[in-house]
Structure formats: C-alpha cells, structure tokens
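For reference, the structures are reproduced in the following blocks.
You will see subunit A twice below: alongside subunit B first, and alongside subunit C after that.
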Partner chain A sequence: MALSRKIAYIDLTNRRVRTAPIPLEMRRRYLGGRGLDMYLLYNHVKPGADPLGPDNVALVSAGLLTGTLASASARVHIAGKSPLTGLVGSANMGGFFGPEMRLAGFDHLVITGKADGPVYLWIHDGEIEIRDASHLWGHDAHQTQTLVRDELGDDDIQVMTIGVAGENLVRFACVMTSLKNAAGRTGMGALFGSKNLKAIAARGRMDIKIAFPEEALDYNKEIITQVTSAKVSKTMQKLGTLFIWGTTNSTGLVRVRNFQSNQIPHADDIEPESIEEEMIGTAGCFGCQVHCRGRYFIKKGPYTGAYVEGPEYTSLGAFGAEVGCTTKQTVLVGNHLVNTYGLDTLETGSMIAWAMELFEKGILTTKDTDGLDLRFGNDEAVIEAVHQIAQRRGIGDILAEGPLKAAEKIGKDAIKYLIHVKGMSNLHSDERPTPALALNIATASRGSDHLRSRPAIDLYHLPEKVLRKIFGNPVPYDGPLTSDYRDYEGKPWEVLWQEMCYETVDCLGICKYHTVFLGPNMPNFSEWPKLIYLNTGLEFTPKDLWDIADRAYTMERLFNLREGLTKEMDWLPDRYFDEKTDRGLPVVRGKSIDRDKFRKMVDEYYKLHEWDENGQPTEKKLKALGLENEPTHKL
Partner chain B sequence: MSKTKEESTAKKTVRGRTSGQFRCLNCFERLTPPPGAKIFTCPNCGYAWRLSWFGPGEPRIRGPVWDVNEAQTQKSMAEKGGN
Partner chain C sequence: MSKILVIDPEKCTGCRLCEQVCSVKHERVVNPYRARIKVVKWEMEGKILPVVCQQCEDAPCAAACPGHAIARNPETGALEVNYTLCIGCRTCMNVCPFGAMGFDWVENRVIKCDLCGGDPQCARFCETGAILYVDKSELSSLKQKKGAESLMDLMTKVTAAITQAG
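Let's look at the complex of A and B:
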C-alpha cells in the first residue's frame, strides 16, 4: 500500500541508519509531508539549537499522496530550524525526487548530527547508504546530479543536492533537484551544508500500491480536467508562473527598487510574452499536466548555450523589478545562476535590491563593495552580486548572512530599509493596497511568505456569493467577506482559510497550483477526501483534513514560540505604514496600511485561531487538537 | 466511502467555465474583445489594455497602454483631489 513506506533515522556523526514503520495513528494526525515534518521538528530539535550546528535536524518528507495517481503529486518537503530566521525552516519542491524516494521505500528521513567529511545518501529499494562525497564538493547543483548518476550507473536516479551556496553556508541557500526545482526558502541548503550533506540520491522499484487503482484513475481524470480547463492553468501552460506579472505590474502591486515604487512602466522586455519568445518548450513535474516550467537556452553573453528552466515569477522580481533591471537577459542569467549555485532566488534578489537602496542612500559606498557599482538598474552589478553572495566574496559575504544579520553588520540605518518579516524577505509584491495579503506576510509561520497563507483570489473581485462558497467550507463562516481587496473586514478569515488549504496540500504532497491559489475553482477540501481514499484507503471528511492542517500549523506556531517568536514579530516593516504607493491604478495609488486597522486584523486573526492576545495557542485549543502533551516522541 | 452517482464538484466546475473574456483591472468589468485584438479599451472606464492570446478565444492582459492609462489615472486622481 501507499502507506507501507518507512521512516529512516540517519545519524551522520556515527554513520548509523535505523528504520521504523510509521504508525497509522501518526498518518491520521498529520498525513505526511509538511504536517509530519512539523511534528518531527518539534520533537527532534532541541530548544535553542544552533541552526548550523549538529543539534539541528534535517527532515525530508514525501506527502501522503506523493507518487500516487493523484495529479501533481510530486512534492517533497524539507524542514529543520531555519539558518535564516532561527524559526521554522520549511520548504518544498516538485520535480521527481519525492516519488522516487517513495519508490525506494521511504517517506521520511530524519537526518541528525554532522558527518566528518562530505557525504551523500544513496537510497535504493529499502536500503540507505552513507557515501563519500569529497569528489562532489565544489560542484554546482546541476553537475552534482550528473556526477551522482554517472557514479551509480543509472540515468533514472533522482538527486536532491546543494550547490556551492549551501556548502558556503549562505543562510538562504536552497536544496535543488532537476534543473530548477528548489526547496527555496528558509535556508535548507545551508542546513544540509552544515551537516556536510551534499546530496541525497534515490532510485526505487518498489511499487506504490494504490487502494482502488481503476477508480483512482477515473477520478484523477476528472481532477485533471478541472485543473487544466481553468484559465489560470492554460495561461501557465504557455507562460509559466510569469503570467502573474500581467496583472500585478499593470495594477501597481509590484515591489520596485527595493520598496520605492509599486510599478515598473514600459518594461516590455521583461513581460512574460517577451520572455516566452525565448522558450523552446515547457516541462512538467511528476504527474502534472499543466507543464508550467519554461525551457530556454541563453543566447548571448558569457552563459551562451546554457540550458535553463524557469524563470518563475519570483525571479522576474529578483532580477527585474526589485533591482530596477528591465532586460530579460538579466532575468534569464540570474535565474540560471541561482539554480546552479543553489540560492533562494527571492531572498537573493531582495538582498541585492536592499543593498542597492543602501548604496543609493550612501549607507553603502564603493569602499564597502570593493568598487562594485550597486546602482539600481546596473545589470552587470546584479549578476556579479549573485556570484559574490554564493562564493561569500566582498559585500556578498555580508549579504549571504540574510536580512537581519547583514543589517547588524552594516549598521547605520540599514535595518530601516529591509523589507522582511521575522528575518525573511518578501516576494516582489507590494501589499500596501491589499490588507489581506499584508496580513498574510505579517503572520505567516516561516516569515514574509506568499506561499503560507496568501489569499491571492482576493484580488479577483469575486462576488460575495462565490467567496462564501469557497471560504465557507468545510468550516462554516458567516462573518464579513468583501470583493474589494482594499478592505480590512473579513480578511483575517480568508488568511486563516488559506493557511489550512496550503497546509493540507503540503501534507498531501500536491502542488499549490492544483488548489485554490491562483484559481478560485480548483480542487480543495471537497475533492481531497475522495482522492485520499481511492489512493490510500484512508477515510477522512473535509473537516478532518481541516483539523489536521490546524494541528500541523499549530505545531509550527509552538515551535516558533519556543524558539523566540513574539507578538511583535507578527508585524510589517514601518514603510508599509509610513510610505504611500506612488504609481498604479487609482484603486492602489496613494495607499499605505492603516496601523490601527491592521492591529485589529492581527487580533482578529489570533482570535479565529483561538490564540490568546499574545498569539499563544490557548490550552483549550491545544487540547482540542490533542497537542497538550507535546513533545510526545512517538516517532 | 462509496462512489457517488451525483455529478462531482470537478465536473460541475468544468461545466461552469467561461472563455473569450477578460476583466478590466480598473473597473473589473468582464470584457469581450474581438478575436486576435492586440489592444482593447474598456468601454466602461476608458482604460486601454495591451492583450495577448494564450489560445484561440483566450485573451489576457499583457500590460497597460501606459500613456493612456497614466493620463486616465492622473485625471481620476485630480477629480478625487488625490496626488
């Protein structure tokens, strides 16, 4: 059955591996993926552990449906205490690694200690070997995958790996698989690097038995039709996630030159349709029919001939709007470099944009940058800054420390210009006109984050009746809901609903583009119980799934509180309140967030969660979720 | 859990889909441009949009007609007494 996979405990210090079955009770409480990772995180990481020390734990988890007949079930989740924020470290990625790890017999890896030299894990048909990786150290994320396949003699091996950035402990290094799939946020690549863990390779031939295969296939066809017939999916098939730019930049919802404007006019060369002219096709992850990964060759400059996948919407900000660049060449090259170095594209672009504003304001000078001219719009300087960050050279060595530590090192007023929450930078979005999205980034468990609780459909001006249908299930909600994205009313519920929705797909191992993220009519709590039942035989109601998501999210909150989270950290940078937007349509121009109204939103959000006024889950809430005795060390 | 014979949510959703339209980002009206149009001005609010087509009969906003929309916005803000 899909439930027969094991958990492996891998002690790198002593080079020991132990495996165990996963009790059904734990499946029913956390499903898998991010959910079970949060249980393992809270239970296995010692309070106050150094994120880059041997006491931190690297967790790798397949979702409950990863590798099954559920559409887009490619996701694998990585967790640990974040080297970037010191709070929850959590990131997931698609590609093919997650399904392959399950085919090799494992759902969850708990990696502890630190190897005495570079190693990689080789997982195959129920076995795990710890192998020497000295010869892989120093190779980029793409080369490493090829070298591992060559060494093991099988082109179908799937590899997740760090690049040079992870080796150099860049605090926002990511873990990569395939050419562009990245477990991007919170520095999980640095966590791997700190353990001398270069890569994990997987190859398996152990069937994932499906509970009701014919019915599961039939139902999956319906889901596929539901997903692929949506306008958002059709657009992504052609343009990838870049398509979002058409709406956001046209409206004035983009973060430009760090945070100095909210629209970049006449930037035709970085419009998705212009970048599409370079595409030679698209690719997809395991079990997905959308195929949103654009494929390119770089056609000019020093990287001519490099084959690239992506760039995602995020890179359009990182190497476009945020740094004031308007050429697709810079976007494509920047995207290629972060994928080979193994860097979080979002954090990389944000750090460079911040440094550029500091440069503009004289807080950084050419003396600090060894002559690097960090003016906004300087394409060459942006690309050079990426190299310096990954290689920890020059100003890059400071930026590699991430927002808060870098601000501390630079001093002066540097911290005032950071666009971060909880020490993690924001997407290139400007939330000043959209209180719901602002609340999302202020309260998300891993820092400023559009993938934790962003109610993106709030931007779609949907009729209240439609909003009620979406946000009123599976838990009834009769409070206010409005179509106007500038409103403060009713938005805390949207954020909370979206938290539960995203947590559930992350527990199942399904891509967020196959649920209510960018399209309102995508599968969600109504469809998932049947999908789970037909694939695994496990029965859940929609409300059961909501409660599981709530339990997992509460574990994240408990972990964060234990590691130093305070109410004051569920808040936005001052610039959101003090500076008004200067461009865009009339509905977004001249907007800032109202402090008092925002305070009320945060308070209401806490109440809806049944947290107290300081953001601590109440005893009643913990009891209702069965969390009152954590840590329980059942796994 | 047994398989239901009622029409599933997935099927109902597919049946309800529309195409051939896009929403004006300024006034949110649903607009139906002529097939293949590259620019379309919203008859409701006067904002002009550059379009691209991701499939036959499937328009999307590529970007604003910058100068037209900026002029419209300046006018609108002036009327409201804004910046």
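Let's look at the complex of A and C:
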C-alpha cells in the first residue's frame, strides 16, 4: 500500500544506493512530500553548505496521497538548499512523475554528493540504477524525456529532467517533467546540475493499495464535483491560470515595466481570450478534472510547428507586462523557451524586467549588454535575453546569478530597483494596494512567493461571516477579519492560515487549485482527514493536520534561521513604501504600503506564530511541536 | 436497450483518471497498468488516444477463443471472460484490432472491460465527455451533432471571411 513506499539514499559520489522503510511515526509527524522533505533538509544539509557544492542534498518526494484516489494528487516535491537564496529550496510540480515514482516503489529520494560525470537515475519496481547521461547532456528538457524513453524502450516512463539552464547552473533553473510541468522556484535545476544529475526516470507496476476502495471512489467523485462545480474551476478548464489576468490587470494589480506602473493599457493581444484563440484545448495532470494546462502549436517564427503547453498566468507577466511587451507571440515563444531550457519563467521575466529598468536608468548600457537594446517593449531583446540567460552568454551570464548576486556584480544603484524578497523575485503582481498579499511575500519561507501563503480570496470582498467560517477552522480565531483587501487589520492571521493550508496539501501531494486558494468553497481541512483515511487508513483530525503543517513550516523557519535569515529579511523592497500606484481602479490608485502599519503586521504575524520579536520560534513553541531536539537524524 | 462506451479523443485531456478508477474498481489498487483502459499518448506531439474494448458485435476475441471463454453478458452487453473456461493462451490479445485485451501479470490472466457491470467508472469520472456511456439508440444523434458542430464552425468562419473580404 501507499505506506509501504521506501526512502532511498543515493550517494552520487560513490555511486551507492541504500533503501529503507519510512517509519509510521515519521508519517504521523510530517505526512510526506514537502513536510518530510523539510525534516530531511534540516537533518541532512550541513550548516553553511555551499548550495552548488557536493554537501548540498537534492530531495525528491511524493506526497502522502500522491497517485491515490485523492483528486489532483499528482504532485512531486523537490527540495534542497536553494542556489538562488541560500535558504529553503523547495518547489513542486504536477504531471505524471510523482505517481509513477510511487508505482515504482519510492516516496522519498535523498540524493547526496556529486557524480564524476553526467548521470541519470532509473527507478523501476523497487530498483534504482545510476546510469550514464553523457549522451543526454546538452539536450533540452523535452528532447531528454524522449531520449530516455527511447533508450529504455518504454513510452510509459515518466522523466523529470533539467534543461541546458540547469546544466549551466543558472541559479533559477528548474526541474521539468512533461511539456510544461516545472518545479520552478528556488533553483532546484541548478542543484541537479551541480550534482551532474541530468534526469530521473521512473516506471513502476507496483500496486498502490487503497484502504477502502469503494468508499474512496465515491468520495473522490464528491470532491471532484465540489471542485469542478466552482466557477473558478470552470474558467480554469477553459483558459488555465491565464484567466486571473483579466481581473488583476483591469483592477491594477500587476507589475508593469518592472515596477513602474500597476496596469498595462492597450494590451488586448495578451488578454486570455486572445491567447485562447491559439489554444487547441487543455491538458490535465494525473487524475485531475480541472485540466488547466493550455495546449497550442506555435504558428510563426523560428519555432513554427512546436507543440507547447501553457502559458501560465506567470508567463503573461514575465513576457508581457513586466517587460512592457503586449504581443502574444512573445508570450507564447517565451513560454516555449523557458520550458525547453528549464528556466523558472517567473524569475526569468523578473530578471529581464529589472535589467530593462537598469537600462532605462542608464545603470546598464549597450556596452554592458554587447549591443543588446534592452528597452522596455523590445520583444526581440526579451527573447534574446532568455537565450543569453540559459546559455550564460553576455549580460545573461550576470542575470543567471539571480537578483542579489547580479545586483552585486552590476553595482551602482542596481539593487534599489530589484523587486525581490530574500533574494527571490516577486511574481508580476503589485501588492501595494493589498497589505495581506504584501505580508505574504514579505514573510514566505522561500522568498517572495505567492504559493507559500497568499490569501488570494482576500481579494474577493467576501462577507465577514464567510471569512470567519474559513479562517476560523480548525484553530479558533476571534481576532479581526475584514472584507476590504486594503485593510491591514486581521490579515496576518489570513496569511498564517494560508501557510498551513498550502503546507498541508504540499505534504499530501495535492494541487493548490483543489484548495481554498482561488475558490472559497474548495476542499479544506475539513475534507482532508476523510480523504487520507479512505485512501491510507490513517486517522487524523483537522487539528492534527494543522499541527503537522505547523511543524513542517517551523522546520523551514529553523532551517532559514540557521542559514542566515534575519528579521530584516521578512520585509518588502523600499519601493513598496516609497512609490505610489499610478493607475487602476480608484480603490487601488495612489496606494503604497504604510511602513508603521506593516511593521505591526509583521510583529503580529510573529506573535501568532509564537515566534519571538526576532522571528525565532520560542522554546515553548518548539516543545509543543516536538522540535526542541532537532536535528534528530531519524531518517 | 443497451449502453455502450463512446470515446471522443478530441475531448481527452490525458489525465488518466479513467485508468486510475478502473484499476481501483477491479483490483482495489491504483495501478494504471492493471486497468482495462489505457490513455495512449504521444506526449511531445500532443496526441492522445484512449484505448478500451469496443464490445464488438462480431468480436474477434470471442471468435478466436479456443475455449469459448468470451461471451456477451445479456444484461450489460459487455463481452466478458469466463475464467473457468479460459485456458490462458492469450489468442484474444493477438486478434483484438484495438489492443483492448489486456493481461494482468499479478493474477496471470487476460483482462478486459466489463463495463463495471453497467456502471463504468471511467465514464462516471470523465467530466470532459471524452468517455461517455450512452444508449445505443443515442449513438447516431451524438455523432450527427458533433459533425454538425464542426460544419457549423467551418461555415461561420467562411461567412466571416467573405464578409470581411467585402
């Protein structure tokens, strides 16, 4: 059954593999996926380790429910010390790899050391082989998957792989599977590249036993109906995440020309409905009825005929508003390139947008860019910059270092224009009118990040009664909660609640679009215990799950503090306080974040977490979670 | 009246939920490779085609079976394998033109779609309509509507092009 899956310790330096069972106690404490990865991260990475050195560890994991009859349980999680931030590296992706790795007998991989030449792992029916990958090195993320399938003679093999960007140690390279599924953030592709690990292939025929099959089938159907009957899901089924753009740009909540405006006018060509004209349909990850992955063929230019999946909302910003471009061709081609190179689309777009602002301000000139005309809105320059970053050519070689290292290399005032937190760039969203979302990016454990704790439903103006129902469970909360997204009051609790919500599904291996992320009636702590019980037979209460999430999140905090996180880093770039929004609806125009109120928000957030005034978990809190003796090296 | 599974590959998103629920229904485990349905993909080319038994009227599997082990269930219309008669020769697998006859290496026997006794889980869970379980009397109008939709789409485009050209 699902609980019989093993952990494998793979030492690439000595080319040794050891497997072990996962004690039930560890399941009960961390479930699996991101949760158990955070335990492993804290326990296996030596303090102060070089993220690109052999002492770093690459962790790959399935969630507790990955591949089971829990709808959208396709996720696989990757972790390590981030080459981008030097803090928690953590990213997960859908597709089909996670379930296949479970079918092949494994839930967790702990990959250590560094191979003396390119290798890939071949995981099949309880066995793990370390194989030569010299012939794969240099191939893009799509080609590599085909080459591995051809070499092993099996089209059902699922492959996660890095592209050329990971090989070149671009600090925001990602790990890819299928056409567009990416463990995108924090540079896990660079981590793979630093270990000479090109890919992991999995194929398994081992049963995942379901504890109560008939009941699990019925409950799965119930959950699917709950999810797909929501309007937000119906829209996603048609447009994918692109649909978000319609609201955010018309409201004035996007970053334009790096951070110089919050709404881009005359951008009809990149409206979701315009991009939909190119789409031939949508694709779903394993077992998912939301199927939010767009599918299209590129119809003109040098990549004509290429079959592509996406683009996501993120790529609309990366190759649209942020870089001042308004043509869908740039978005479609940019999306294709980041998928094949294996680059985090978000970081790529943000780095280019930042470089463009530096170019505008004269901090970078054509001398620095070898003639590349990095003017905002120059579509060709944006595409060329993507190539240069992945191949580490020209200015791309500097941008490939990520925000802080690149700013240091460029010098002058470059750092002033960065829209980052903890060394990771922000989504193309502008949080100045929305303090809750601003607190989310300022405090998220992996840096500026909308998928760690964004209370997106805060934007919906929901009645307080509804907010209380959602945010008042499974832990009672009687503090303030307001429907106005411009408020500062009550938002720290929303952020903390959302942290626990996302952490839980990341431990379970379920997609966030099956949670209270974009839809208030989506599954939540009240549904997950039954889902876990019917699939695995393990019993938890909603509060148990909350505590597990809290434990895992605290491990992330402990790791970050150990690796140099300070209170000052839970903060926003100065521009959020000093520059006002200039466009959008009247309610969002002329907004900036109030420093004092924001300071209070951060303090309250710490307090709610039971962290001290420096953001350090208190002894009492650590004891309550059973973390006072970490590292305990139980796995 | 009898019902039949109808596959529309154009509506398939490739999620493989059908494989998953099929294996749970029949084997009480998630194991897509023990399912009676398979979503065959040419992933990098964007091509998808679900493969499942067509419950043929003049079924090659039944005709070729030396043990006469494959017969139609009069209630559901599904061709089912009688394992007491099956000799395990797998001739049915060889002759099926759709590759819809499978082999379960765990139980060491051939497997095929039995329409879950009249409530096929693949169709129950597939919300895109790529797998439908419909009465045979509905088949013609289903196809006619689909044909008409694509024709109407084409006509609209042609009309628009003519109008645009003035």
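The definition used in the following text is that the second predicted complex is superposed on the first by the 635 of 635 C-alpha atoms of A that agree within 3 Å, B and C clash if a C-alpha of one lies under 4 Å from a C-alpha of the other, contacts with A are read in each partner's own complex, and residues count from 1 in each chain.
In this text, a residue touches a chain if its C-beta (ideal position, glycine included) is under 8 Å from a C-beta of that chain, and two chains touch if they have at least 3 such contacts.
No experiment lies behind these values; they were computed from the predicted model shown.
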Three-chain arrangement built on subunit A, subunit B and subunit C clash or fit: fit
Which of subunit B and subunit C A:Pro213 touches, first, second, both or neither: second
Partner chain(s) touched by A:Lys367 [first = subunit B, second = subunit C, both, neither]: neither
Touched partner set for A:His142, first subunit B, second subunit C, both or neither: second
Subunit B versus subunit C as contact partner of A:Leu103, first or second or both or neither: second
Subunit B versus subunit C - smallest C-alpha distance in the overlay, whole Å: 13
Contacts on subunit A seen with subunit B and repeated with subunit C across the two complexes: none
Touch list for subunit B against partner subunit A, complex: 1, 3, 8-11, 13-14, 16-17, 19, 23, 25-26, 28, 47, 49, 52, 54-55, 58, 60-64, 66, 69-70, 73, 76-77, 80, 82-83
Residues on subunit A engaged by subunit C in the complex (per definition of touch): 67-69, 96, 99, 103, 142, 145-146, 155-156, 178-179, 205-210, 213, 216-217, 220-221, 224, 228, 280-289, 291, 295, 297, 307
Subunit A-facing residues of subunit C, complex: 10-11, 13-17, 20-21, 24-25, 27-34, 41, 43-46, 105-106, 121, 124-125, 127-128
Interface residues, subunit A side, partner subunit B - complex: 215, 219, 222-223, 225-226, 229-231, 234-235, 237-239, 243, 246-247, 249-251, 265-266, 268, 271-273, 460-461, 521, 523, 526-527, 529-530, 533, 539, 580, 582, 584-587, 589-590
